[in-house]
Each structure stands twice: as C-alpha cells, then as structure tokens.
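I have a structure I would like to understand better, so I am pasting it below and will then ask my questions one at a time.
Order as written gives the chain letters A, B, C, D, E and F; numbering starts at 1 within each chain.
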Amino acid sequence: MADAVSLAASNLVSPIVLSFVLGVAAALVRSDLSFPEAIAKGLSLYLLFAIGFKGGASVAGHGPELRLFATIAAGLLLSLLLPFLAFFLLRALARLSPIDAAAVAAHYGSISIVTFVAANTLLASSGLEPEGYMVAVAAVMEAPAILSALWLAARFGGGGEMGPKVWREILFNGSIVLLMGAFAIGALTGEKGLAEIRGFVVDPFKGVLCLFLLDMGLVAGRGLLSSRGVLTVRVLSFGFLMPLAGAALAFVVAQLLGLSVGGVVLLMVLCASASYIAVPAAMRVALPEANPALSLTLALGVTFPFNLTVGIPLYILAASSFAGP
Amino acid sequence: MADAVSLAASNLVSPIVLSFVLGVAAALVRSDLSFPEAIAKGLSLYLLFAIGFKGGASVAGHGPELRLFATIAAGLLLSLLLPFLAFFLLRALARLSPIDAAAVAAHYGSISIVTFVAANTLLASSGLEPEGYMVAVAAVMEAPAILSALWLAARFGGGGEMGPKVWREILFNGSIVLLMGAFAIGALTGEKGLAEIRGFVVDPFKGVLCLFLLDMGLVAGRGLLSSRGVLTVRVLSFGFLMPLAGAALAFVVAQLLGLSVGGVVLLMVLCASASYIAVPAAMRVALPEANPALSLTLALGVTFPFNLTVGIPLYILAASSFAGP
Amino acid sequence: MADAVSLAASNLVSPIVLSFVLGVAAALVRSDLSFPEAIAKGLSLYLLFAIGFKGGASVAGHGPELRLFATIAAGLLLSLLLPFLAFFLLRALARLSPIDAAAVAAHYGSISIVTFVAANTLLASSGLEPEGYMVAVAAVMEAPAILSALWLAARFGGGGEMGPKVWREILFNGSIVLLMGAFAIGALTGEKGLAEIRGFVVDPFKGVLCLFLLDMGLVAGRGLLSSRGVLTVRVLSFGFLMPLAGAALAFVVAQLLGLSVGGVVLLMVLCASASYIAVPAAMRVALPEANPALSLTLALGVTFPFNLTVGIPLYILAASSFAGP
Amino acid sequence: MLMHEAKRVEIIIEAVMEDRLTDILIDNGVTGYTVLPVSGGSGRSGRWSRDGQVGRAQGMVAVVCVVGPDRLPALLEAVLSVVERHIGLVNVTDTQVIRAERF
Amino acid sequence: MLMHEAKRVEIIIEAVMEDRLTDILIDNGVTGYTVLPVSGGSGRSGRWSRDGQVGRAQGMVAVVCVVGPDRLPALLEAVLSVVERHIGLVNVTDTQVIRAERF
Amino acid sequence: MLMHEAKRVEIIIEAVMEDRLTDILIDNGVTGYTVLPVSGGSGRSGRWSRDGQVGRAQGMVAVVCVVGPDRLPALLEAVLSVVERHIGLVNVTDTQVIRAERF
C-alpha cells in the first residue's frame, strides 16, 4: 500500500505528467502559448517512430514467441468487443443518441498511443520492462473498433458510410503504418540497429515526450474550455468508468495470456485509453452526423488525463499485486 | 587583461556566435536560406523549456534562498525603471517622438531570453555556474517594462491602450508561462527529473542554440537590410549605449545583492538586452502608432549582436575583475 | 566477394535504407502518412548543418592539404563536364528533346547531398573514414552543372534564361550557403567546437537521417505514382546507367588525386548522384519549358534509390578492391 | 488586355474530405484547382484552431477553382454531392481571367 | 442550382489583432468566419515575411467572412472599430452561396 | 459606410517566381500585396502537394493585390510579363474597399 502511494506520487511529480498539467494550466488561464501544427505533428512522428523501432528491436532480441501471436489476436478481439461495452454504457448511462454513442464507442475501442508511450516510460523507470511486441498489439488495436462502431451505427442509428476507400484509409492510416513500419525496421535490424540510432530514439525520448504532452495539455485544456457545454455529469462519468471497465477486462485477458507484469499493464492501458488522432478523423468521414466535440473532449479532456495521472499507477498496482510476492 | 582578450576571442569563435554571424552573412548576400516559421517557433519552445527546466532543477538542488526573493524583487524594479532611463536617452539623444521613444523603451526594459541563454552557455564553459533562479528573474523581467512604457506614452504622447485583456495577454504571454512552468517542473522534479530528460534538455542544447542563432542572424540581417532607413547615427548610438548603461546599473544592484560572478553577469545581461519576441507583439496591440521597424531593428539588429559579441565577454570581465583578488 | 555480399546485405538492412523503403511502401499503398513541409525542411537544415560542421571540424583536425584544393578543382571540373555526358546519353539513349535533356543533365551534373550523407554514414560504420573536406567538394559541385546545362539548352534548344539575378540565386542558394557556412564554423572551432555540440550534430545524427529518408521515400513513392507516364524504358535505363558512368569517371579522377578509400567512394557518390533540391528550383526559373516531372522522377525516384541500395555498396567495393591487398 | 468571364468557386470544407472533393472535381472534368491551408475559424459547430493539433479531424481547407461559366452547373452538382453530409461552405463569384483557353 | 446573393468580406489584419477581430465578429452575430494564414506581403509599412520569425508582432492573417447582404453594414461597423487604429485592409465582394439559411 | 470600387487581383504562381513577381509589382507602383501559402493543387501539369517537400521547385503561392481600377491595366501588363513563360493563373474580381486613399 505504501508502495502504491509512493508509485502514484512519483508518477504525479514526473516531468511527463507535470508537462501535461502545465499545458492544461496554460490553456485555462488563456495563455497564448501554442505549438505550431507542424511541430506537434513532427513530435508525434518522432514518438511513433521511436516507440515502434524500440519495440521491434526488443522483439529481435527475444525471438518470436507463440505468446506474441496470441496477444495480438487477443488485442484484435478486445478492440472489436470494447465498442459494444462502450455503446451499452453510453446509451444506458450517458443517454447519448445511437449515432453519438457509436462514434464515442469507436474511440474507446481503439487506443491512445501517447498513453501507451507514457505507461511504457513509467514502467521502464519502475524496472518492469514489458514485452517489446506490445507495440505491435497497440498497432493492431487502432482500427478494428471502427468496424464495430460503424456496425452499431448502422444497426441502431441508421447511419454510417463504409466503402473500400474508407477501409484503405483506416488500415493504411499514417500512424499505423509508421508504428508497424518502425517496428519491422527495429525487428530486422535488432540490437545493432538500435545501437546505431540510440542517440535519437532512446536518449532524448523522454524529453520529447514531455514537450508533446505539454502540447496535448494545451489542446486538451482549450478543448475543455470550448466544449464545456457537451459534458454533462452522465457523460463525464462515462469518461472515468469506461477506462476502468476496459482495464478490468484487459486484466483478465492478460492473466490468461500469461503476460509479464509490464505486459499486463500495457494491455490494460490499451483497453483503458481512447483514440484521439486516427479515430476522430475516420469518424468525420464515415459518421459525419456524430458530434465530434463529444468524442474528442471525452477522449482527450477526461480519459487521457485520468489515465495519465490515476489510471497508470493503478494498473501497475493491480498488475503487480496479483503477480505475487 | 590577457584573460579578457582570450575570453573575448574564445567567445567570438564559439559555434554559437559564428552561427549568428553566418545567418547575418547569408542575409546580407541575399541568400534564400531560411527557416520555416514553425521550425523557428519549435526551436524557441525547446530553448525556453530546457533553460527553464534546468534553472528549476538547479534551484531544487540548492534549496530556496532569501537571496532568490531579493533578486526577483530587484529584477522587477529594474525592469520598471529601465524604460525611464531609455525614454530619456531616446528623447534627448536619438530625438524620437514620445510614442516611438516609449515603444523602444519598453523593449529595453524587458529582456532578451536568447541573450540570456547564450550568456548562460558561455558562463558554464568558463566554469562560472550562475544561480539557477536567475531564470525566474528573467521571467519576471519580461513584462513590467511594458507598464512603465505605456505610462510614458500616455503621459508624454497621449497614446497607449491598456485594458484588462492587454494585461492578461502580457502576464500569460506564452514565453513567460513556458519559462516559469518549466522552471516549476524542474524545481519540483529536481535532480531526478533532470536525470530523466538530460538527453533532451542538456546534451543537444548548445547545438540547438546554434541553429536558433543562425535563424536569428537571418532575421536580423534581413531586418537590417529592409530598414536601413530608420537607423540614423543617433538612433544607432542608443543601441550601443543603452546596453552599457543597463549593464552598469545592474552591476551595482547585483553587487548589493551579493550574487555570484555568474549571477552578476546574468543580471547585467538581462538589463543590457532588449526584448524582440514578447514586447514587440504587445506594442503592436497597445501602441500601434509606434513604428515597429524602429524597435525591432534596434533590439535585434544592433543590441543583440552587440551583446552577443562584445557585451557578454565585457560583462564577464567586469564581474570577475571585481569579484576577487 | 563474400565481403562484398555481406557489405551490400548489411547496407540493405541498415535502419537508414529500411526507413527509405518504408516511405516508398507507405506511398505505394496510398497511406496518408506524411511529414509537414516545415518538418521536412527542418530535418534538411539539420543535416546540412551537421554534415558541414563535422566536415569542417575534421579538416581543422588534419590541417589544410594541397590535395584539398586539387580535389575541389577536380569536383568543379567534373560538375561542369558531367552534364555533357548526360546530355549526350539523354539525346541518344532516352530520346529526350534538347530542352528536357539539358534540364535533366543539370540535375545529374550536380549532386544529391542526402546520398552523400548516407554514404558518409555507411563509410563511418565500415571504418573507412573519408577526408573531411569532401563536404566542401560537395558544396562546390552543387551549382556549376547548371551553367553547362543552360549553355546546352541555349546551343541546342534555343531556350534558357540567365541573368545576374539567376546567378546570385544559384551561388547563394540556401543549401550551399548552409553547407559551406557550417563547414567554415567547424573548421574555425575545430575539435573544441565539435565537443561542445557533439550531443546535437553527432549523437542523434543517424536517427534524424532515418526520419528524413522516410520522408524522402514518401515523396519519391508519390512522385513515381503520379508520373508513371513519363518513365519510358529508355528514360529509366538512363537513371541506372548515368550513375554508373559518373561513378566510373569519378573513380579514375579520384585515383589520380590519391584520395583515401573513403574519399574515392564519396567522389564517386557525388558524380553518381543527382540533385533534387537546388537544381529543380533553378531549372523552373531558368528553363521553365522543361518538364519538371521528368527530372524529379529520375533523380529522386530512380537514381536516388539505386545509389542508396546498390550503388553505394558497389562503389565501396570498387574503391576498396583497388586500394590494395 | 482582353479578359474573359469566369467563375471563382471557393469551397471551405473539412480537411478530411479534401481528397474526396478533389477526386470528384477531377472526375467531373475540372481542369485545375488550388488548395489553401486554413488556420482556424468559427461556425455553428464552434470555434477551432489548427495550433498544436496532430489529428486531421478538426480543421478545414479552402479549395479555389476557377472555371468557365458553362462548366459551373456540373461542378456545383459534383461539389454538393460531397459537401451535403459534411460541414462546408461554397461561394461563387464572378471574375475575369486572361488566357481563357485554360478553363 | 438555386443560388443566393451574399457578400464575401476579406479582412487582412495584423496577426496580433486576430482574436480581437474575431471576438467582435462573434459579438456582432456573425455566424462564421475562416482564418487563412498569410506568409508575406508588402505595404506602406514595408515588405515582410513570416520566414524564421518567432514573435507575432510582424505578420498578417486573412479573415474571410461570408454574410447575407443585410448583415453587411453591422459587420463592417464592427470590423472598422478594430481595424481603425491598426494596419488592415477590408474588401467586400458580391458573391453567391448555396444553402442561404446559414448566413 | 462609404465604399469605393476596386479590383481584387489574385495571382496563383510558382513559388520560385514569387520574388520576381512581387519585385515587378513594386516596380510598377503597386502599393501593397499579400502572399498566401498554397498547400496543394492540380492542373494540366498534374497534381501536387507541399507535404514533406524540401525543395521549392514544386508548389505555388497565391498573391492577392487590391488596386484602384485605374491601376489595373498597368498591373496586369506587369504580371503577364512574369507569368507568360511560367505556370500561373490570374483572376480579377470587382470588389469594394473602405479607405480608398490607400489604393
């Protein structure tokens, strides 16, 4: 218990979390601090490349495992199922329209790669090195939820457009391609490749993450300010409950898979987090009737900070308690 | 004396100064070399974050001091007073109109964070580590001069708009918020936080500064080319005299405060330098009748290069001569 | 021979080459992965600054040599002559119009700095450190080919505009100024300067190069997709033959100059590669009637990948076989 | 100088729909268009800015298309098929061009 | 296709004044506007470019606002109150829109 | 509000030609112009985008120039001298401005 508190505390005063807090605070006092769009995109390209590459290099070190494929399959399945759970909660609890519920559900079935990166970083500093292939699991969990959500929208809301073009866009979405591509490069070049570019993908990584989280804080804070209207208490509560539900489900699955403590935490984080890059864009194309402010504010303004500050330490605590003495 | 010459020489052939010179030279031969606006902003965000964080971490290491508060108060006061000195010189010496004089005075009462960073870097390589809290002093000295200048403009020129909106903009100006925020994060996370992101905020710092100074050289050079008209000999001489006057005043105050040699130099640099990011924008809003080319050309085209090449070594020399046997 | 195969293989699975391949693949599956223009430009500014600086610092370490001047003169001459060879091949083999042939010839007489950087990096990891001044040779070889090409266009095609303005633009082109300027700074500050900014220009260098090559792969792949029409078999074959011809010529010259193995390889790479940044822009100004898709697709879509994957290992092999037992 | 009547069509549309719009423009025989970036705006769905954003979900682009008057109806029909379900604004202005053969 | 008359107001104004202008537009019941970045320009106060600049003091933005003709006078009044003391350029063009209910 | 007739000239031209065009505008007594970035487009010479590009060879910019009607012929003459050999598009729209003394 003392450990849990100290873990949570040390998480809260890490430069990573504080940078996000700074961003939110700057937005709330209406500072004009802002990152150019190109810089924000550049930082995210860097993070995707680095995290993918390091994951791949780590897999190369350990050799392929059967568990890799089982975990990927489990991730896929979870990503397909979570939208149903989310849709149910959103209809029953948050009282959203079917179309809006389906759109939000797509976000929560998919994943937030920055939450994943932050968890990875915290795990590493706690000595709980996760399986490298969790990066590949993250990549395969980006898109499937969109399929479920669109089915839900069509079934209950009479909406949703789905052509081959939409599919290609989702599957070959920039962040998926970069993450998987960098993972493949890391896997092919292994430790040697990592040694060559360590000065780029390892040494400055955490600092870049801080700057990126500062920017995300700014965007999240401004989003909260401008869409206070859409956040009823019912909707808000979904933003806290859903990650816990997702994490709980993931916890069970991860134990069945026999993942390491770090791996358990990452699967929980993937299920607990909500997409705010790939899915929002896909929803604007395929489900334009849904209110985008709703999904974005929930994913980026509520669930993301919740996971970053409370969630991740909680998931670590849960996973390590169970793991044993 | 030999020391002074060698210090000045080693400053002049540092990559930092030479990068600025390269930028100016490229502008003067009308090369099309240029940095995208987003990159220039990204570099400045990095520098503010890194310098703020390192300052905070260093304060965390040393614990809060009474002298910290005294120095901050002194900085505030200097920043409020310097515009009066500048205004007087600009009216008497440079013969500017009251409005233009007030606008230029605001720039010189405020500070140039890049000059500060460059001085910091030079001090570090001379083994004269300054007080970490000087970063906080820099932050508090950004805005107050605007107040004095607007009072001067209203009193002598009948101009100047000042609403609560303008005030919020000045106080929560992006660079102040980032500098103070990063300082706070550094102070909260201390040496441990610094160790985590050293590969980002320390290792590549000097190189990034070079690139930024290259860009500043380009902007300064192009500014000089396009506003040759506004620089009379009288105006020019202000650009050289004012930093010396500011530095002299700061020298006296710093000795009273009992700062270390490094701290003395930094307070001199703060008083000797002129803002070219935050204040110009504030002046466009609050004092639109003033000629912006005048302030910018003086601050960026005259005083900045003067401080970078001659000023900083001079201030170091002055501070160290006085310091000891 | 075993060595050759292993060298080629190790080149092909280096993160650098694989990053380019990833970019091309992403473009071919029509992924929306893309780099903001500002980031691409920022990466290229970084690479030019770093490679220039390191070249200069290395020259400072070794002192100026007579061979430096001889090699620069040889580079100049090669750059002036190669367009004639290219023009002849383009007319005879690829059957291009005189104007188009002249424009393409300008690209191949000039150099590709990224190919140069990639070769440098591969040489360093093979322990074949080249002469630092090869960076200066690269810089002087950027522009002269434009002169030859415009003469060819005027002589055989009746086109080509050439005023003093065009000349200034070409000579003080941003990439030339930055490369030579950084080289000068490196030469002036030497090992000491390098030590100061090593954390910026050395440590992350390879990783940044990977990201830049990923972007180049995206641009090259999209270029190939959109200009499949212009690439006849005859034109394509030029894209493979010309680098071999250029490299062969450079090989002979380099042996006469007595360069080290690394230096021989770099001169071959310079002659074998084709410009896709400076020359295309110059051609739009001076030879607007030429089809820009033709030159760009050849330089970036054919010759660049050829050099990166097959060419460089081949040139290393050739240079080292000859060098001795 | 001889000038020719033409129409300047300006379409402000969600960034995610840019490719769909321009594909349909090309499919409908439009000879050219130009895309201008948009940095922010406001409408019934609220105020937005591209600052610091990574995703493409929020934000618009402006597509400018100059066409001969005879081609306008077909173009508008095509544009409307994309804009209909999506956020977007179309305005058409009378203009004059040189080199009419291009439109 | 049925088109409706409207006015396209284009305001080129100092970047630092963007928020003040758009605040006043919204306060005056404008239903929407779009902000386009500007990379450079020239005027009586000289030539400028955003290249390599960090501060916001130098540079303009273009704000485009399409309104129904009846709303134009109030809008111009509001715009002028901001532009007056500041560098800025306002031009108004007759245009046509579809979906007039939006303006 | 008193408005004055003016012409809004919009020139979409290759980015490499921007300086040549604006130099000639200034040489011909134009009191001001504004340059807008362009992120992509399509024309007879194909489709393009600035994404990820380093060189300036590919890509256009939009130069907007508001002038009094009397200055239009001279301006167009000047513009045409630059655009002639190069890719470029010029359109001229009737517009109205406040503060006519500026044009």
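One rule holds for everything that comes next: contacts are C-beta pairs under 8 Å (C-beta built on N, C-alpha and C of every residue); 3 or more make two chains touch, one makes a residue touch a chain.
Everything numeric in this text was worked out from a predicted model, so none of it was measured.
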Neighbouring chains common to chain B and chain E, by label: none
Between chain C and chain E, the fewest steps along chains that touch one another: 2
Of all other chains, the one whose Cα centre sits farthest from chain F: A
Most widely separated chain from chain C, with each centre as the mean of CA atoms: E
Chain centre separation in whole Å, for chain C relative to chain B (CA means): 40
Interchain centroid distance [CA atoms averaged], chain D/chain F, Å: 18
Chain D residues counted as touching two or more neighbouring chains: 36-37, 47, 56, 93-94
Interface hub residues of chain A, defined as touching at least two other chains: 32, 34-39, 41-42, 203-204
Which chain pairs touch, all of them: A-B, A-C, A-D, B-C, B-E, C-F, D-E, D-F, E-F
In the complex with chain A, residue positions of chain B that touch it: 36-39, 41-42, 45-46, 49, 53, 168-169, 172-175, 177-178, 181-182, 184-185, 188-189, 193, 196-197, 199-201, 203-204
Contact footprint of chain E on chain F as seen in their complex: 1, 3, 6, 8, 22, 25-26, 31-37, 61, 64, 66, 93-99, 102
Touching residues on chain C, where the partner in the complex is chain F: 34-37, 39-41, 44, 161, 165, 215, 218-219, 222, 226-227, 276-278, 280-281, 283-285, 288-289, 292-293, 296
In the complex, chain D residues that touch chain A: 14, 16-17, 20, 45-47, 49-58, 85-87
Complex contact set, residues of chain E against chain F: 10, 12, 36-44, 47, 60, 62, 73, 76-77, 80, 89-94
